[in-house]
Each structure stands twice: as C-alpha cells, then as structure tokens.
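Next, two complexes with chain A in common: one pairs it with chain B, the other with chain C.
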Partner chain A sequence: MTRHFPRQLAWACGLVMAAAFLPVSGRAAKPALRQITTIATIAVPASAFDLVTGQAEVTVPGGIVMQVDSSSSWKMQVRATSATFTYLTAPGTGKPKPVAELQLRPAGGGTASVISTSYRTITSSSKTTGWDDYAFDLILQVTSADAGGLYSVTLEFNVY
Partner chain B sequence: MKSTRLLLALALSAAPLLASAAATIAVDRAELVTDLVPDQKRILKLQVSNSGAEATPITVYPEDWQITNGEPDFNNQTHPRALGRRVTVSPASFDLAPGASQEVTVVVDAGPGKLEAGSYWSAIFVQSARLAPAAPGTSGRGAQMRIVERIGVLLFADSAPEGKPLPPDVAINGIKRTPQGLDISINNPSAYMRLVSSAIISVTPFAGGETKKIPFHSFRLLPGTTSAIAVELPAGVTGLGRSSVLAVIDYGAKDLVVGEARLIF
Partner chain C sequence: MKTKNLFFPLVMYALCGTSLSLAQTTKQVTVNASVAEMLSLTVDATSVTLAFVAADYDANTGLATKTAAKATTFSVSANRAWKLTVRPGDQYFTFTPLGTAQDPRKPVSALATRTGVTAYAPFSGITDIPVATGTGGGYSKTGNIIPVDYQMTSALATDPPGAYVLTLTYTLAAQ
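Coming up: the complex of A and B.
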C-alpha cells in the first residue's frame, strides 16, 4: 500500500498542490467552544407513562446546543460528573436514578450515546467554517418507580 | 401519530425551561509541543479568551490521557509516558470579562532521572467553571442537566527529539470508502507524536476525465498507533465511478508518503 515518493518527483507528477503543503510551524488552530445551553430541563408529564409497563421515554429535540469554531480537526465528548442523578425536590426518597437512563444524540437522528461517567465522543469534524451549531436531542427513560420530583446531573462537554 | 403529537407537546413544554447564555471560551492553540530534557524546564504560553457576552470564571489544569484505539482517551489516566505530574499552570483560575483574554503559562519540568526516548504527553484543560443554578420555580417530575464546557489543548514533550528529516517509518495501511467520504488508515510505529503538516487526495476516474484533488487539513499521529483519518469528499467526486485514489502525506520525512487504492465513487 505505502510508497515513499521523492518530493521533487511528486511535484513533477502533479501529485501535490503548492497550497496544500504548508510548513508545520504555519499551522493555525483556534478551537473555541460556545455554550448556548447552560441548563436543560426535561419535564415528564403523567401522560407520558405507559399505563401497562409504567415506563416513559421523553425526548427533547435539540435540548442542548453547543457551538464550535475551529480551524483544525476536533472532537466533542460528553460525560456525567456522577453516576446517578441527585434528587433536588425529594431528597432521600427512592433509589438512586442512574445517569445511564439519559441518552444524547445528534439532533435530527444519528446514534444515541448512553451517558456515563466516561467520555463518549458525540460529534467531530475536520474544521468549521465559523461558529457552527451542534444540537443534541435529550432522551430520558423514566419508570413510575422513580421518585417524583426533580433530579439533576451535571454534564461535561469536552472539545479537543 | 399520537406519539409524534406527544413528542411535540413535550418539546414545546420543555422549550421555555431551556436557559440560554453565550458562555464562550477559546484557546489559541490546539496543541503545545516542546522537548523534555532531564533537570530542565520549558515554559510555554497559551492564550485563553472569552468572546461571550458574560464574564466567566475559568479554571486551567493538566490532565493525563491514555491512547485507546489510536485516539486520546481521557478516562484512563495513568501510563509510563504521562506528563501531567511534570506540568504546572499559572494562573490556574481567573475570571474573564467579556472580550477579555488571559495568558496562561505552562511549565514543563522534566525533573531528575532518566527519560525514555520518545514523546511524553498530557493535556491542558481550560474549563468554564460557571455552573447554572437549578432553575427556580420548576415543579413536577423531570430531570435537569447542568452543562459545563472545557477545551483540551494536547501537550507533547519529546525526550531525545528526532533530527530532521524524520525517519521514513510512517505508512498508509489502507484507504476505504465511508458514507461521508474516505478513511485513511495511517500507522505511526515510532515512539514520537508526528504532525502531518499537509496532505492531499487525488481521485482519477478510470473512465477518463479530470483528476480531482482534495487537500485536507493537518493532523497528528499519536505514537505507536494506527489512526483512521476521515476525509469528507466535496461535491463532484460522487459519481466518478471506478477510480484510482492516491493519498499523499507530508510529516517531515525526506520523502512524501503515498498510498493507493482503487475505489468506486
């Protein structure tokens, strides 16, 4: 598969374009991350539950929006900072709700990533053309056995 | 149809609860590269800026990472070439007003003792430390996700840096079609991180016609790994039919590295 090709010969054969060969020191890279969403809430109405199974799945399309501006290739990852949600309005009640019951997927489709305390890559690109939006759908699994009230988790978005 | 209506209703009910703010952090480097010499320090600079509309507290810290499947893995931190314990940053925390920037000094202190030849690595993370408070007045059943953001600047320090030109050891193992374009599999068997400063793909249809040249951006090859580099194809390549594909990369060796494949577009 691999061949090593003399530079001068590559030029002569038209294999390369001058503009494509910039010195390493000329690399420009300015990854920037803009957090459009600082907090997202998923409301789970009683009507969302299946009366037979006692389960509900609630999706908030585009519930989290981030923006990236980068002149070099980058990846975005996400993780939760704790393995379980923290109950805000009913502390001490019910069993801990695992963050694995929350999923994130690129808005409009794509593969959903189950949230955990390990980083999962959720999107990547070679570069952007400016501030590009990256929206994600939130998908929450709920059972009627979960304690009522509001539970919270912190999600950490990582770009490198 | 019922489920669609339900989803729409839930989306609409959730929409007013989404708090928005433009917390924006940027760094001026994707990576920092230096050398590593016993008993010597290296001082590197990093510019952190806030182009958002609100002031934001920032924390800066080193964090080690492992290489898994050719990619940085920030979940598994300990390994013999981890650089984090040799790195300090200053200032480690500060507030950034809208439009302001702050220079951060990164000191790499090799310390005493023998070092193996090759790259050592870590990352400098710049994190917006502001955490939104729980939304007041929210009632009923539901979940809140509070979002924090951070940017990683990969840091590499080479012990016994290589001379130029670099050895001819990088190889293109394969080129294959993907739904988005092409995947170029490139092996870097050395103990050093390599920077591919430039690369180009040439697609020549067997049926004749103009050769399409697709330059793609610089990328890094982590030490001792095979990386899959994704290349998006521009309009005009799809539909060329059976074609010869040449991938040419330049990482600073005496010769360029060329890989070839015959693929259908």
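Coming up: the complex of A and C.
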C-alpha cells in the first residue's frame, strides 16, 4: 500500500491539475484570442476632407478581425499603447495626434468606442462554437491640424 | 522505480499545461493611417472686366484709374501652411483694337491687385506676387476666404481704344 501511494498521488494530482484547465471537451475555460489582422491601414484621401471645416472622417469596415475561442461568456477590450499617434513621416514634428481621434466598433454597427490608453470593452458574447471571427470597423477623424503623412498607433486587444 | 511511476502523470500535466499556455488573451494590432496632403483652392469668378468709359479720363492729364473691388474671391482649404501667389501670363496685355489701332504693348504694370485694405501692388513682368498666407484649416477658418481687388490705369496718350486682356494664374502652394 505504501509502495503505491506516490504513484496514485501523482496520477491524482496530474488529473486534477489537467481537469482544472480542461473542463469541457478539451477547450480552455478561459477565452483564447488570436488575430487575423496584424496591421490595419486607413487611407485618408484629399477628397475625404470637408472643404469648409477642413475635417475628415474615414471608416474602414471590418478593418480589424480577431478570433475568440471560449467555452464560457467573455468580453473583449482594447486600448492603445500610447496616448498619441506616432507621426512616421517626420517623427517628433507637428501637433501630436491623439488616439482619441480613433474609434472602434463592431463591424456593421453598434456603439463606437473611443480609443484611449485604458482598456475599453468593445464586444462581449457567450461561449463560442470554436474560433469565431469578430470584425471591427475603424473610424478615424482627421483635422486640418494633421499634416499629410503616415501616422501609426498600436492597439492591444484582450479577452477575459 | 518510484521515479518511473511518477513520470507519466507529470508528463501528462506538463503537456496539458504547455498546450494551454498557447491560448494567449492579449494581442497587438498596428494601425497605420495615411493622410493625404490637402491643398484646395477655389475661385468664384474666372473673369474680371474693368470697363473704361470717356468720363473716367481726367480731362487735363488724360489719365484714368478703374477699380474692381472684391472682383474675385478665393477660398483655401488645407492641412498645412500655405501661400497664395499670382503671376501674369505675359509681360504685356493682349490687344484687340476697336478699329485699326496698333498694339500699344500695354505693360502688366498697369494692373495692380490687393487683398483687404493693403496698398495695391502692381504686376512687374512675369513674376509672382504674394497674395496671402495661412495655416491649416477649411473655408470657415479666418483668413481662408480671400477677396481680391483689382486696379488698372489707362492713358489716352498711350492706350488706343480696344480690348486689353491679361491672364492671371493664381497658385496655392505649401509653405
């Protein structure tokens, strides 16, 4: 009896620890996230500007696609890793463009979330049927204070 | 012997743990925005006429001056600093006589422009004359609507009757 105890204990510990992470048919209890989009591009042509106000708003439908796999309810959040865009054309020059001029919303409609450096919930759902796609529209506002050129910002998505 | 018995259960946990660690919950996406340079110039009229009549001429000097206030209004919309300039298409007016008069080769210096209440600036050959400057903004921004006045002089001694035409080219450029 004493001779078999360590092996039985090891089995029990292994199964309990494994079961804690794989409760239902091998899927993770915690939602898992993976990305289809790694780089999203927004083009703002000169024709997009309102000549009277000097402002433009450009929407890229489904510009970002993520995938979620979850066996339970989950929420997705997004934040920017910096408060302003990086002006790649001439770094350090011009007026810093705030990330608040970028919004995300579930593709096709829904409430748009203004991007900031704090996490904002952009969508949520119940358990998925596998790796389900979740697409988001990108909405960028441009003012006449934004010089022509290339702006960049990194968004961080999180599911829980 | 005991070590061997423990090996398989622990390997099983290790494998499960490894597969679970691949299910990350945070991902990063780079968003690049390409903003075009925008410089837009519009004008409300492309033709200005200054009609001299006999009564315009000073009976003693034979000189006349005619003005056309706010004859053309330019509207600028841009997302960077800009400057507006104007340049005559030739050193002389094109002349179409009323009758058989010869072309007097009237110089462009007989025409001057201004914006606002500044002094008139006469043209001088085929060179640019600054009209206005500004920074980014649409038409609604103060200074982006630019009315232009024109003033022309004529002399009975040198200008035979006829039509004098000069083409002016306005150019909006980034500063």
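One rule holds for everything that comes next: the second predicted complex is superposed on the first by the 131 of 160 C-alpha atoms of A that agree within 3 Å, B and C clash if a C-alpha of one lies under 4 Å from a C-alpha of the other, contacts with A are read in each partner's own complex, and residues count from 1 in each chain.
Simple rule for what comes next: contacts are C-beta pairs under 8 Å (C-beta built on N, C-alpha and C of every residue); 3 or more make two chains touch, one makes a residue touch a chain.
Computed from a predicted structure; not experimentally measured.
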| item | value |
| --- | --- |
| First (chain B), second (chain C), both or neither touched by A:50 | second |
| If touched residues of chain A are counted for chain B and for chain C, the larger one | B |
| Touching partner for A:37 - first (chain B), second (chain C), both, neither | both |
| Partner chain(s) touched by A:73 [first = chain B, second = chain C, both, neither] | first |
| Contacts of A:157 with chain B and chain C, given as first, second, both or neither | both |
| Chain B versus chain C as contact partner of A:85, first or second or both or neither | both |
| First, second, both or neither for A:145, with chain B first and chain C second | second |
| Footprint overlap on chain A, comparing chain B with chain C | 6-7, 10, 14-15, 17, 21-22, 30-35, 37-46, 48, 63-64, 66, 69, 81, 85, 88, 102, 138, 140, 142, 146, 148-160 |
| Chain B - residues contacting chain A, complex | 6-7, 10-11, 13-14, 17-31, 49, 51-52, 71-75, 123, 125, 128, 130-132, 134-135, 138-154, 168, 171-175, 195, 197-200, 202, 211, 213, 215-219, 230-232, 246, 248, 250, 252-261 |
| Touching residues on chain A, where the partner in the complex is chain B | 1-7, 10, 14-17, 19-24, 26-27, 29-48, 58-61, 63-67, 69-70, 72-75, 77, 79, 81, 85, 88-89, 102, 118-119, 121, 124, 126-127, 138, 140, 142, 146, 148-160 |
| Chain C - residues contacting chain A, complex | 2, 5-6, 9-10, 12-13, 16-17, 20, 23-40, 42, 75, 77-80, 136-141 |
| Contact footprint of chain C on chain A as seen in their complex | 6-7, 10-11, 13-15, 17-18, 21-22, 28, 30-35, 37-46, 48-55, 63-64, 66, 69, 81, 85, 88, 102, 138, 140, 142-160 |
